[in-house]
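Quick heads-up: structures coming right below.
Shared between the two complexes below is chain A, which pairs with chain B and chain C, respectively.
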Partner chain A sequence: MKRVLGVALGILTAIGGFVDIGDLVTNAVVGSRFGLSLVWVVGVGVLGICLFANMSGRVAAASGRATFEVIRERLGPRAGLVNLSGSFLINLMTVTAEIGGIALALQLASSVHYLMWIPVAAVAVWLVIWRVKFSIMENVTGLLGLTLIVFAVALFLLKPDWGALAGQALAAAVPAEETASSYWYYAIALFGAAMTPYEVFFFSSGAVEEGWSIKDLIQSRIDVLVGFPLGGLLSVAIAGCAAVVLLPAGIAVTSLSQIILPVAEGAGKVGLAFVLVGLVAATFGAALETTLSSGYTLAQFFGWSWGKFRRPAQAARFHLAMIICLLIGMAVLATGVDPVLITEYSVVFSAIALPLTYLPILIVANDPQYMGEHVNGRPVNVLGMVYLVIILVASLAAIPLMIVTGAGS
Partner chain B sequence: MILGDLLGTPVHDSDGIRLGRVADARFTLDGDPQQLMAGARLLGLVVSPHSWSSFLGYERTGLTQPWPLASLLRWRHRGSFVVMWDDIAVIGEESVRLRDGFTAYSPALDEAGQQ
Partner chain C sequence: MKTYRPLAPVPPIAGRILDAQLHLLDRQVLDNDGVPVTTVDDVELSAPEEETVIAPGTPAPIITALLTGPVLGTRIFGGRPPSSRLVRIPWKDVADVGVVVRLGVSGENLESGWVERWIRDKIIARIPGGRHDPR
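And now, the complex of A and B:
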């Protein structure tokens, strides 16, 4: 019984924890401009994150090493440092976006300007990282994030023309008023949002934090394979709401208030209350994950002691690094730059950085010296290689498409 | 000089013929771990004739998965070898010169992780 509960809790946290500011913004923007014609990308991205999160969890359980320890060992100091610089900067950008997201969500709930909320959000994130136990932190934000299911509820209450939505999704085509290059630019952004590298840094480091052994892998596999696809469905519901309400009205999403507009229309005040809780929980949870990820990557690369299972005094550099990251994020946001814009860039830059994370994981997951008998099977390798090609293509195409489309505008 | 500076340095034999570049350094651990960590001793250098980028670990094992990544990395590092510290005559800023009659060992390790 305890085991069933554990699995259920894991699945629920995976669903609630899947959506972050990147998924929220990108899916709503895409829904409001392209309808559901890019929904296939969410599917490709979710399958990819399932594959590599699983692989990194297995590497962590079998070898006791988190992802960036593996990267440091395999790439050597030079290539490793290049990788760290890229991954860390993009992660920092995501931290900034998530904190901005919390502040924007709190602004929606309170009508107090978001710049006032930024220090509150950053200090709250720091306090939780400093004080709260890893499992409690993960479960509470994950469960509260589940309230975002209200997007799916609202979609039903809006009584859309399901046939037309299915038509958009199944016969994917570039809408008449959009160009092919902006279609593919947003395809890459959605892919980057679904596969953001921090999820893998956090997942594998979390496996070490919680001391997983091979025995625990079955549960983590169920959590990932059930939770992430359901989380992906939430993403689709966000895009669906935007496609039903905002697309016909000609509203292209540029702010968080537009993202929740369809929920207010479909599910009223109660729906609005739920979605505000969900927004705060999802962005807060993701802010915790990304901030921890920046500490994890730095500490694992430089060989500092790390982890929330240690007291802050015993992992001083790890905690100090995270404090500095939060301060940098706050400083960037204090310039008044639009958090939604940071988010839009962060998902595309994530897509560019994807090969840096996923190539080393794939290689180490094949090495019997690390993995013993738990090396990748053939089907996983074939799928992994297919994804590596997709990741590489997305990564190489991102910058040219960004220039051609003027970042999608 | 720190070890990192050595990576990428051209390697010549005693006649001045270029053999490749330093791609990696190989260490061995002597005895049990001390208070902090085991004492590591520099065993030799890995020299690669075509590319001095990272091997991603493929020089150490006979691993062929995942295809075609493994094959590609092997091909880039074909002909690479390990020279022992004793076979190195001069380590300079610009070049590493080997002694006459040095032995080129295979970079692969056995099952137990031994040279």
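And now, the complex of A and C:
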């Protein structure tokens, strides 16, 4: 019974924790401009994150080593530092976007300007990291994030023409008023939003935080293989809502209030209440994960003591690094730059940096010295190689497409 | 022109063979409580004085210490840091070399931990709750 509850809890938190500000914004933007014609990308991205989250979890459980320790050992200091700089900067950008997201969600709930909420959000994130137990932190934000299911409920209540939606999704084509290059630009953005590297840093470091052994792997595999695809369905529901309400009205999403507009229309005030809780929980949970990830990457590369399972005084540089990251994020937001814009860029830069994270994991997951008998099987390797090609193509195409499309505008 | 004697063949060794590049460099160092201390940046060998003739039959050099310290710069851009920049972890403190290097001593007294200790004592421990055990 306890086992079943554990699995259920794991699945629920995986669903609720899947969506972050990147998924929210990108899916809504894509839904409002391309309908459901890019839904296949969410599928590709979700399968990819399942594959690599699982692999990094297995590396952590079998060897006790988190991703970035392994990256430095395998790539050496030079390539490792290049990798660290790229991953860390993009992660910092994501931290900034998530804190901005919390503030925007609180603005929607309170009508107090979001700049006033930014210090509140950043301090709250720090307090949780400083004080709250890892498992409680994960479970509470994950469960509250489940309220985003209201997007799916709203989609049903909007009574859309399901045949037309399915037609958009299955016979994917570039809409007449959009160019092929912006279609592919947003395909890469969606892919980057689904496969954000921080999820892998966080997943593997979390496995070490919670002291996983090989025995716990089955549970984590169920959590990932069931929870992430269901979380992906939430992403699709967000895009669907935008496709049903915003696309016909000709509204291209540029703010958080437009993202929740279809929910208000479909599910009324109750729906609005749920979606506001969901927005705050999802962005807050992701802000915790990204802030911890920036600490994890730095500490693991430089060999510092790290982990929330230790007293802060026993992981001093780790905690100081996270405090500095939060201060930088706050400083960037204080300039008044639009958090939604930061989000849109952060997912594309994530896509560019994907090979930096995923290649070393694939290499180490095949190294018997770390993995013993738990090295990758052949099917996993074949799938991993296929994904590596997709990741490389997306990464190389991102910058040219960004220039050609003027960042999708 | 100087002629070089061919090197003596590698003597048969019982046990594991470690490749310094593969198994030591950039490995995480943990102390006896499993707390990360640092990563390995270099290895110190018991080398004879420079410019001396090595007599045949001299025993092979042995590892005397693992080296670490703020030397990432020279490792990346080349050059050699002054010895004073390097922090030694004597080889006798090393208990095990696996996917991590385990020490048999507490990290608390190691010279390589001074930055961590300074940040702990001057900043982190002074913030309320800094010594609170999350478990």
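Everything below uses one rule, namely that the second predicted complex is superposed on the first by the 409 of 409 C-alpha atoms of A that agree within 3 Å, B and C clash if a C-alpha of one lies under 4 Å from a C-alpha of the other, contacts with A are read in each partner's own complex, and residues count from 1 in each chain.
One rule holds in what follows: a residue touches a chain if its C-beta (ideal position, glycine included) is under 8 Å from a C-beta of that chain, and two chains touch if they have at least 3 such contacts.
Source: prediction; values computed, not measured.
Enquirer: Looking at the overlay on chain A, is there a clash between chain B and chain C, or do the two fit?
Expert: clash
Enquirer: So in the superposed three-chain picture, is A:336 touching just chain B, just chain C, both, or none of them (first/second/both/neither)?
Expert: Touch partners of A:336: none, neither chain B nor chain C.
Enquirer: Quick check on the superposed pair: does A:360 touch chain B, chain C, both, or neither? Answer first, second, both or neither.
Expert: Touch status of A:360: first partner only.
Enquirer: So in the superposed three-chain picture, is A:303 touching just chain B, just chain C, both, or none of them (first/second/both/neither)?
Expert: A:303 sits against chain C, while chain B stays out of touch.
Enquirer: A:163 contacts which: chain B (first), chain C (second), both, neither?
Expert: Touch status of A:163: no partner.
Enquirer: Using the touch definition from the top, say if A:376 reaches chain B (first), chain C (second), both or neither.
Expert: After superposition on chain A, A:376 lies in contact with chain B alone.
Enquirer: See if chain A has more residues touched by chain B or by chain C, and give me that chain.
Expert: Higher number of touched chain A residues: C.
Enquirer: Is A:368 touching the first partner chain B, the second partner chain C, both, or neither of them?
Expert: In the superposition, A:368 contacts chain B only.
Enquirer: Between chain B (first) and chain C (second), which, if any, makes contact with A:385: first, second, both or neither?
Expert: A:385 contacts chain B only, not chain C.
Enquirer: When the two structures are overlaid on chain A, which partner does A:72 contact: first (chain B), second (chain C), both, or neither?
Expert: Touch status of A:72: second partner only.
Enquirer: Could you pull out which residues of chain A sit against chain B in one structure and against chain C in the other?
Expert: Of chain A, residues 73, 76-78, 369 contact chain B in one complex and chain C in the other.
Enquirer: Under the definition above, what is the set of chain A residues touching chain C in their complex?
Expert: Touching chain C: residues 63-65, 69, 72-73, 76-78, 80-81, 130-134, 299, 302-306, 308-314, 316-317, 319-320, 369-370 of chain A.
Enquirer: Show which residues of chain A lie in contact with chain B when the two form their complex.
Expert: Listed in rising order, the residues of chain A that touch chain B are 73-79, 359-360, 362-364, 366-369, 375-376, 381, 384-385, 388.
Enquirer: In their complex, what parts of chain C are in touch with chain A?
Expert: Within the complex, chain C contacts chain A at residues 25-29, 35-39, 68, 72, 75-76, 99-100, 115-117, 119-120, 123-125, 127, 129-135.
Enquirer: Any idea which chain B residues touch chain A in the complex?
Expert: So the residues of chain B in touch with chain A come to 4, 7, 24, 53-54, 56-57, 60-61, 63, 65-70, 113.
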